[in-house]
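So the structure is just underneath, and the comments pick up after that.
Chain naming follows the written order as A, B and C, and within any one chain the residues start at number 1.
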Amino acid sequence: MLEITDLDVAYGPLTILRGVSLVVARGEIVAVIGSNGAGKSTLLRAISGLTRVLRGSIALEGRRLERLRPEAVAALGVAHVPQGRQVIPDLSVEDNLRLGAWRLRSDGARVARLLAREYARFPRLAERRTQLAGSLSGGEQQMLVIARGLVMDPGFIMMDEPSLGLAPIAVDEIMETIRRLNEEGLTVLLVEQAAAYALAIADRGYVLKNGEVFLSGPAAQLRDDERVVHGYLGG
Amino acid sequence: MVRLVRVAVAVAVIAVLPYVFPTAYFTHLLTTIAYSTIVVLGLNVLIGFSGQISLGHAGFYGVGAYTTALLSAQHGWSLWLTFPAAIVVAAAAGFVLALPAIRTKGLYLAVMTIAFGFVVEILSQRWVELTGGTMGVYGIPALSWLGTPVGGVGYFYVVAVVALALQLLLNTLVGSLWGRTLTAVKDSEQAAEAVGIDVLRWKVLAFVVSAGCAGLGGAFFAHQNGYINSDAFTFSTSLFLLVALIVGGLGNRYGPVVGVTVLTLLNQLSAQLYEYRFYTLGVLLLGVLIFMPFGIAGGVTALARRLGRRPAPGSGSPPAAPAVVTAAGAARDGIALSVRGLMKHFGGVVAVDGVDVEVAMGTIHALIGPNGAGKTTFINLVSGRLVPDRGHVACAGIALDGTRPFRRARRGVIRTFQNLQLFSDLTVAENVSVGAHRHVRATTLEFAFGLPRARRAEAEARRRTAALLAALGLAGIADRRPDEIAYGHRKLVELGRALAAEPAVLLLDEPVAGLNATEADRIRELLARIRAQGVTILLIEHNMDFVMKISERVTVLNFGQKIADGTPETVQRDPVVLEAYLGRRHGATAAVTTRA
Amino acid sequence: MIVQVLVSGIAVGGIYVLVAQGFYITWRTSVTLNFGQGDFLMFGAFVALSFLRAGVPVVLTAALVVVCLAVLGAVLERVAIRPVMTAGHAALTWAFTTLGVGVIIQNAAISIWGNSSQNFPPLFGGKLELLRIGGVGVYAAELAIIVLSTVIMLVYLWVLRRTLFGKALAAVAFSSDTAALFGINVRRMHMLAYVIASVLAGICGLLVGPISVVHPFIGLNFALKGMAAAILGGFASPLGIWVGGLLLGVIELTSNLVSSQFGDLYPFLVIVLVLIFRPSGLFAGREAGVDPAR
């Protein structure tokens, strides 16, 4: 579904990604892991059009994405849940979700249905629908941003470190949610620093180190591979 | 020698100019250009060189004009006294405005200066008892020499010579260590503070100098016609000064004279266009900013540089010569940096939670941790950029608590920046030399006139810079700008600047981020050599190969707390650390736990 | 007497509030604002004047002013803001370019309408018509302006808080990257923010007419006072700005009462003093905002 070939991405004078190639097949969960500065967030930003691509190609079902503006990429059904739980703190839970459905805003009935679907999936959000998003707990905010990504009815969703700053119980809940979403047919590209959590639910994984693909393979293999540790802590 | 020729040519031009169109009107115009140039030269120091803003400079201009006008016309003071008085009073006004102004930037600074300009305008209009309001001040005596009034061409010569002298003085200042320090402050206040420069003091200085120049220009204006009134000190005047500077070239030495001349002549020419002439100012401002942001003089300079440019040499290999780095103190045994109980929270989030770290003298100590662990906040707390809620920081036993970043830098705690804060308007050599500026004792006047103490300071900075450039392998690109060199070299320049400041403790924020393996190795060798000279290093990094090879000790942070502290090997095998990075269920974690 | 000063102060303050809201909305979305906002106000006033003198009914005039200023706002964003928001320009370049456009507008006004002061035809029964309310005399025009500016303020708040568009603006203000990921066209949002700001300025022009003389040089004065209102209220909250603007109007009229020698000096002294002691404004900190003192 998503095919990245030989990607170079720079940020100002810094080359962050070098020659990265990656494939995500329809219906898979693919994990991209690695420590900070490895380039994982940059990879997602390049796909969704927030960061310019220097060289290489990104193709979604054959359609090239590198030159598209973020609105256009979103219009193709690609949801990007960025790092750091970017809820809009002064707006309510419901407002945040409605904004997620911005590209569908002309179809009121469809938006209502999608909202209802997410409330059913995340009952805690339904309880807090009128609450200001900034007052939610970390775990609830993470759920909100995932729901916000889902409410645009995407075929493909990318998540950037959903476990960041969350207690293990909340992380387990998030990961379980992602797994169930995938069972319903959603294709997921999951970027994580906490390799264990991501590899536990993924089909395949890529380890990024210093902007390059260091290791890749079926998640089951990577789960026990000591080289993954080298990717993080050297030695 | 070349300089003397240029000055001689300038003097000759001044002498000849009034005779190009020998009318009183033309001479009057030339005189106006001359004293306006004086004002804009000062404005250039403020906006172009120190990076601040003034949209109300007519205020200082007016203060100078009224000071000399009132003292000479109404109190009979001699012009030998009133002119200096005008400069001093205007400079004092600059000082008064600067004190609150330097603590604000951007939009609020702009608004404050506009408000100041308006206040002066209103006072000059309405405080009729003092200024005569719109009726103005009459009977301002003309300049006189040996009893005869100096008017017309003679007055122009006086003003023009003073303007020329000021231009030369400023050229000297700007080309010296003084000017480079100011440019450093403009390009990155943070980086300037990090090498020990008292940024606030320099910003006030720029205000005072520029206000004084405006006062001098205003004084010459007052004595030109024998009469002034409040119409001359409006926002339009401030706007004219600003547009002249921008059109001429902001930050360029000759921007002021070029811009004032062009704008004045344009105004004259467009008088022919009747009602369309008013558009010149607005259209010029808009057009120049969008299409020619460097102004006329700036464009010429840039073109000249591009034509004279040679292709940049490839990255040289580091020479075998040992680094010439003198540490601020001999390598003693003991604790170079001591952090106890450091705590900082933002809103409801605790970024650093009771962290204790001791960095032994002459060692390399790494600080690692997953994303969001609090490492950058920690460095900001140590360097003084953030104030902790609790805790103590000390360097070689001396407490640093409550001191501003530049004072800590002067104690030898020098930091670099993750996102590279190089001074974009300075060359590589100049960037590095700014690091040495904190030791300089010479004053502004000494630099302006090239007095011995200033020259010695320059020589010393130059010597130290040359040695560092050689040691870092940067000599070949010494006169390039940062945006013209490779990223790996830029990292070296920032390191060189830090070294020029004679650090006792170096705080390095991701020194090898974005570098390839070769470049990272080179930095690693450099750091080892620096350590051998007795410098203590605390670094944040994500590149674990690098960290594990170079550090003697590693501290690991997670969620703002210290979770491990030990040798690299110990930390690599610590299950708590692995769990922090990889999560609980990774097979390797379990394997390590069972093995251990 | 006091009531009259209060009413006049609130009337003029209401106009400052609207000017300031124009600053606020563009500052929030793109961290820029129109330094020529006052000149836009002046232009709106003159456009309105021309139509009114030609016999066009007030409501239609208002609509025409809105359209005209909306176009100006879009042009401003395209010509003076967007080209200088790239990395190649210094941080405050937009201040100078918008200033430049303001000067051009000022000169256009002089060309078209001459540079002398003009008076509006009586709109609300004329300024001199006194109403008796509770035994106190107040000018009808001022009351009308208070009512109108309040209504506009409420509509503006409604758009910001209750419509999806207003919430999209909040999203862009929070993070233009995040907003783009929802499919929001961030560039278009910036432009629309400027359209709204300019329309507000134009409406102010229409409101100013009945209570003050209009000439091409009133622009900067209003811009500065609008800025003062925004600073007083903190750049972070429309409600804070509402209070700040009204306060400023009352301060101005009260100081005129006490001593009219120095006229407009006091509002500007207020700005300087507030910025010295409370650089983030009096009401800052209530909502997340971008600090203009950066």
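Throughout what follows, a contact is a pair of C-beta atoms (placed from the backbone, for glycine too) under 8 Å apart; a residue touches a chain by one contact, two chains touch by 3 or more.
The structure displayed is predicted, hence computed values, not measured ones.
Averaging C-alpha coordinates per chain and comparing to chain C, the farthest chain turns out to be A. Interface comparison, A-B versus B-C: the higher number of contacting C-beta pairs is recorded for B-C. Distance from the chain A centre to the chain B centre is 41 Å, each centre being the mean of its Cα atoms. Between chain B and chain C, the centres computed from C-alpha atoms are 35 Å apart.
Within chain C, contacts with two or more other chains are made by no residue at all.
If you check the complex, the residues on chain A that touch chain B are 13-16, 35-38, 161, 163-165, 168, 171, 193-200, 210, 223-226, 228-229, 232-235. Across the complex, chain C is touched by residues 53, 100, 103-112, 114-116, 118-119, 122-123, 126-127, 235, 239, 242, 246, 250, 275-276, 278-279, 281-286, 289-290, 293 of chain B. The part of chain C that touches chain A in the complex is made up of residues 164, 167-168, 170-171, 174-175, 177-186, 287-288. Contact residues on chain A toward chain C in their complex (touch as defined above): 48-50, 69-71, 74-75, 79-80, 82, 86, 88-91, 95, 98-100, 102-103, 105, 148, 152.
On the chain B side of its complex with chain A, the touching residues are 370-372, 483, 486-487, 490, 510, 513-514, 516, 542-549, 559, 568-569, 571-572, 577-578, 581-589, 591-592.
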